[in-house]
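Take a look at this one; I'll ask things after.
Labels for the chains are A, B, C, D, E and F, by order of writing; each one numbers its residues from 1.
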Amino acid sequence: MTMERPIIPSRLRGERVTLAHGGGGKAMRDLIEEIFTGVFQPPGTEDQARLTAQALAEPGAQLAFTTDSFVVSPPVFPGGDIGKIAVCGTINDLAVGGAKPLWMSAAFIIEEGCEFELLRRIVASMQAEAEKAGVRIVTGDTKVVGRGAADKVFVTTSGVGVIPPGRDLQAGNIRPGDVALVNGVLGDHGATILAARGDMALSTDIQSDCQSLNALVEAVLHAAPNARAARDATRGGLASALNEMAETAGVAIEIDEIALPLRPEVKGVCEVLGLDPLYLANEGTLVVFVPEAEAEAALHAMRDTEAGRGAARIGLAKPGPAGRVTMRTAFGGQRLVDTLVGEQLPRIC
Amino acid sequence: MCLGIPGQIVKITDETRLMALADVSGVRREVSVACVATPDLSDLVGEWVLIHVGFAMSLIDEDEAAKTLEALRGLGEAQETLEAMADGAAALEGSQ
Amino acid sequence: MRYVEEFRDPIAARGVLAAIGKVVDQIGATAENPVHIMEICGGHTHAIFRYGLDRLTPPGIEFIHGPGCPVCVLPMSRIDECVEIAERPEVIFTTFGDAMRVPGSAKSLMQAKADGADIRMVYSPLDALEIARRNPDREVVFFGLGFETTTPSTALSIQQAAREELGNFSVFCNHITVPPPIKALLDDPHMVLDGFVGPGHVSMVIGTHPYDFIAQVYGKPIVVAGFEPLDLLQSVLMVLEQIRDGRAEVENQYARIVPEHGNSVSLAAIADVYEPRPSFEWRGLGEIDASGLRIRPAYVAYDAEEKFGVGYGAGPRIVSEPEGCACGQVMTGRIKPTGCPQYGTGCTPEMPLGALMVSSEGACAAYYQYGATEDAVTEAVQ
Amino acid sequence: MTMERPIIPSRLRGERVTLAHGGGGKAMRDLIEEIFTGVFQPPGTEDQARLTAQALAEPGAQLAFTTDSFVVSPPVFPGGDIGKIAVCGTINDLAVGGAKPLWMSAAFIIEEGCEFELLRRIVASMQAEAEKAGVRIVTGDTKVVGRGAADKVFVTTSGVGVIPPGRDLQAGNIRPGDVALVNGVLGDHGATILAARGDMALSTDIQSDCQSLNALVEAVLHAAPNARAARDATRGGLASALNEMAETAGVAIEIDEIALPLRPEVKGVCEVLGLDPLYLANEGTLVVFVPEAEAEAALHAMRDTEAGRGAARIGLAKPGPAGRVTMRTAFGGQRLVDTLVGEQLPRIC
Amino acid sequence: MRYVEEFRDPIAARGVLAAIGKVVDQIGATAENPVHIMEICGGHTHAIFRYGLDRLTPPGIEFIHGPGCPVCVLPMSRIDECVEIAERPEVIFTTFGDAMRVPGSAKSLMQAKADGADIRMVYSPLDALEIARRNPDREVVFFGLGFETTTPSTALSIQQAAREELGNFSVFCNHITVPPPIKALLDDPHMVLDGFVGPGHVSMVIGTHPYDFIAQVYGKPIVVAGFEPLDLLQSVLMVLEQIRDGRAEVENQYARIVPEHGNSVSLAAIADVYEPRPSFEWRGLGEIDASGLRIRPAYVAYDAEEKFGVGYGAGPRIVSEPEGCACGQVMTGRIKPTGCPQYGTGCTPEMPLGALMVSSEGACAAYYQYGATEDAVTEAVQ
Amino acid sequence: MCLGIPGQIVKITDETRLMALADVSGVRREVSVACVATPDLSDLVGEWVLIHVGFAMSLIDEDEAAKTLEALRGLGEAQETLEAMADGAAALEGSQ
């Protein structure tokens, strides 16, 4: 479908959502039809989508199912908005498991007073991103809560995809000697949000890396059919993704500080606030482990895709100690890269 | 204690309150220049300062920095030479 | 020049390390009989572990991690007082992120926030001032915390509030000063210290002369150091050279930032707003004479202690440190973090028992974060 | 799995969620493992569940997919809690489409300060309800937002089920003459929540009707194989469900006031606040249309199930006017039962 | 006895309807030449449509829907003033749910709430008092709205606030009284009314004597009626019997609730707290002498008009009613709702243009809600 | 105007503030009984009142209610008799 909608007189009075828009009556129907289903065009009007896919019937195919709630504040930021993230994030959770994303649900929790314009923007982003990734948003929900009971809008997406027979991307598959690749610069999303939130009064030109990774994963799998495991390094950053993978696989992972792609501005934000970019969130950052023999092919394949232009080889798996992640520092030392404790707090000392 | 980072003053934003915009690797934030204020505030533009909790606390002395680096590099080069000599000696001895 | 990467050059490091090795040999220091160098500042502790300098330097050098992390030396009762203030319904309590997770006797500020207190992290006391301007019907309290580096920022903020007659702004002052605890440590008969790496950013405010007593009275070398790894290595070299040469001087490795006489504007602001307290409590070190600052009577309207009747203004409160916590011994260099029976078991960054495990500048947290256990580190580095 | 968990020392400090529990680090992992995955026991540790079901491979089978966000306040109320509703609601959205619910995702948005105990209770309810309905909670997510950015906890569930070949329950199938049945008393949930919220200072012994309807739907389909369409009458109440069905099917619907099962207490709440019970929300109320010939069989089958004890025949479909719902009043008159406008507001005049 | 279901008995209804039919025939009233009976009260209007009484009664009776919905007769400027008060940051504005959706000239209270005003629906002014007790740092304003039935509740609440010296509670008083608009209608030369169904709940406060002028001065019958369908039918029968018999009396069908002299406690509370305004504006009817109440000077501290400088206290404000709105004509019985050009198109309950479409007591909303269009109703009823 | 509903006083909750618990079909809420207060408040327990916006505004007079119902039933029964007669007549005429 196209993003252009016929201009029909709006039944939505005023500029903001009121509690009436969540009450189960006509106002709610107007909100849903004008803002949501008018764009998503889900099949049918029932409370459940009914779907058929040939790919699911294939022997050995598995169904992949994932969900994430998105609560990013502010909801619109350089490089994206909560809608784009909500679609990318769920596509990515499917893609890193080797699944081809097919369908998605979208549930909105809207704070009384949220501007219709903001919702329109979010929905347009979602539909655009879904189309780009070849996914359909087939079912959804909206709830309205009172002022102060939400932060403008929260979006929860769930995704269903199919894992073709024979594919197996799981962290448990990583073996010592496997090479760790990332698709591009780290920490852009986290640094963007920190700056966009305004609390720290920082301004930068960084943009969120928010993007769908399904095409990238397919490209890697084509070039490196024995790829072991992939993750999107979101909350907790690269460090957390690596620690999870090391623990699950029972291997150690060593990364190389010099090899890590980082924008100067992201370093700048980290310096000002005393943060570590390894723990900054990403929203379109793939970490993939491939056998050494396929590493170069995978790297080149990544660089040939839009989302993988800045791909880099950042480290490798080692026999042990199990679960340990270390970094060879640019200065020549070595340090542990442990899982974050709580959240990273800006510090002065 | 006391995280401090070098940044460059790029603009005076409030003459009265002695506020200026500082740039750290492309990240900008307003800082107080009360501690490093010059009679004509615009003289600060382009200067590097050490920033701590939103205050420019000290002007960075480029000459002193250069001197320190020179001393450090001197030690580094001396060592490189030594290592090269050691490598050469080792190679001669066939131990590599 | 960006004054950062230049001081992280690994090639230069090799040279400095070689020179250090040579001087250590000249001194005859060994693992069994090491030179003890205290880095006073937590920022230096952090950098030592972050860059692995303790493992790059020869075993003849033993770093003693000093009391220079303002979060670590904060007594638990101060956090309790923060919570007490923050939980008043009219208060917006503002703080640096560092203080959020420090355990109080009942809860941390992070937990008080979860329990409903309006606690906001700020980057600067200027941001707290701005919050006060925007919330005229609320009391905005800033948690003034830190050594001489940070003190000018709160002094200048209080002066600004006074100029604007911002009656709803106040500072809960817990500022402390570096020289008194050093003197206390040097007076401790159990302490064996051969020299000091001096705090670079404190010194840019106070200059280098406040350390003269260390060289002149106690006969110990001190080198004021920057925070990049090359700064630290060079400073260690300079301390070692003084020891080798039998000198005891105050030297300045960080001259690009630290002027000999400090920063006059900062010093004037501190002197205008603050005065020494007769005594102040340090976690692990106890009461130290004239080691803390309080707000002068002229600025009493901006003193949260007076406004809310807490803290030293309301008489000392006794809150005992948690049982089994060896922070005091670690902070005075008597034991290493790994020597504490709680380390890594009863006390981890996830569930800190002592303050040194909370701040990433705390010696225990730095050990844990970058090395976990001595064994594990050896393993990991191979 | 059993609801009893071994007593292990908790790694969760204090009694409430802090922002650290959402930061992507160890605190978050502790929260997730202790409160969520320890109970749900999802398969694997990846960000997507991998699932296989024989039923999906059958020719003609359709996949059903639905989502709902749950924001009920208070989160615990007589007869249930937000967790129970979140599982029942999604099961019901699948069931009323004729699908057998298989898998569910659960995403939590948690307000800083939310008590761990509340989360434990919610999760236990969810698992108990899912087990009862034969559904597995296979994937999930947690987010923590600051105080005042959510209302304790929001739960979004998505459900995947399979519609056996040949089944077709859709509102469009309703024909004039079909009989409308409900499974029991109306408005209990809405009245319970109104009272539990406390704003109106009402106290009653009413309980929410919150329950899963999948077994009930199967029973109806067994007794009435030509059943046309079903809905669970949630937000907007029975009136909204009937209006939607009438519009979709292009029929009129007439219900009989005397036949409507209503508790005296629900009538009491409505009298006090000037509300109409036809618009009160339900969380376990099935409206199903069956051909006249199968109506009695369906009614008896319903009454033989736990959720259908109070089943009643409440009205029937008529040729038109399309979309119109009317009620024959107990007093002998007739009135329109239109869709609600906004939300029902308590009124004094 | 529960005093509800008993008065909804369909079998008794058949008897009353038969009796009504007989009297209508005796009078000779027909669809072309009907008896015009005004139900003054919006609650009666609502019940007539909810139970379909207009269709159950013979065509010789025509109901005229009177001005007795306090929400419907509220001028738009009052809502604007509510919004003005509610949008002050210090104010918690409390209101009955009825007023939430009434359009002001810029926005309704519902929209003001979405825009950020702290507006809370309450069931009772007692609940607003409780909110004031619990929020001593906020100004709690209650939107006092309604006829004599509701006036005692706000009067008693103001007295209670005064006893407790609850300085942060006030009432935005828009109370109005029933007799003046009836007199105004009766003075209207275009109005053809044969009798009245009188407001039952207003009367339980004021008793039946305030209506004496209707019978004695204007010679019209009036029967004070209850709100169940049998109450209404019986009252209609009683009005018809008076007409048939050429009587004009004040009769009381609702004697189980309405005492002849009203409720003395309520009347005393009203007299203590309120005094008549010289004049008050009614939507659709214009200014009517002595038809509104204001708070007496003795209770000025609880008068939101004075506290916030709005409303009649601040001089009259002119806000014109929306263009094309025929509410005034409907309310005076000159046209039926379906006679308004906006009905069902420019004005629906989803997007009300006039006030009569907002409250479910409003004649237009009642028409729409229970009947949509005359055609549709006929169709539906077949 | 003025939604009012019958409820029964079940308990006095606050003698001083004249508050009592009222029951409406099993739903309870505290209401003010200021307008219907008796010298001994406990006399109100068991009484039916007409409740409006949280105030008991009037005591319900059971006798008057019974009288009204009687009159209504009288009309209803008269009509039933008439209708039965009409039915009978119609049946005789074979028109049903």
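Things worth noting here:
Throughout what follows, a residue touches a chain if its C-beta (ideal position, glycine included) is under 8 Å from a C-beta of that chain, and two chains touch if they have at least 3 such contacts.
Bear in mind the structure is a predicted one, so any value in this text is a computation, not a measurement.
Touch-path distance (fewest steps) from chain B to chain D is 2. Should one ask which of D-F and A-C has more C-beta pairs in contact, the pair is A-C. Relative to the C-alpha centre of chain A, the farthest chain centre belongs to F. A separation of 38 Å divides the Cα centre of chain D from that of chain E. Here the CA centre of chain C is 71 Å from the CA centre of chain E. Chain centres here are Cα averages; for chain A and chain B they lie 37 Å apart.
The distance from the centre of chain C to the centre of chain D, with each centre set as the mean of the Cα atoms, comes to 56 Å.
Among the residues of chain E, those touching two or more other chains are numbered 4, 13, 42-43, 69-70, 96, 101, 110, 123, 127, 146, 150, 350, 361.
Across the assembly, chain F contributes residues 1-3, 5, 25, 29, 52-53 that each touch 2 or more other chains.
The set of chain A residues that touch two or more partner chains comprises 18-20, 26-27, 200-201, 271-272, 274, 341-342, 347-349. Of all residues in chain D, those touching chain F in their complex are 195, 200-206, 264-265, 267-269, 271-272, 274, 347-349. Within the complex formed with chain E, the chain F residues making contact are 1-6, 17, 25, 29, 31-32, 34-37, 48, 50, 52-55, 57-58, 60-62, 64-69, 71-80, 82-83. The touching residues of chain E, counted against chain D in their complex, run 4, 8, 10, 13, 42-43, 49-53, 55-56, 69-71, 96-98, 100-101, 110, 120-123, 127, 146, 150, 229, 349-350, 359-361, 369-372, 376-377, 379-381. Only residues 1-3, 5, 24-30, 51-53 of chain F touch chain D when the two sit together in their complex. Of all residues in chain A, those touching chain C in their complex are 199-201, 252, 271-274, 321, 324, 326, 329-336, 338, 341-342, 345-349.
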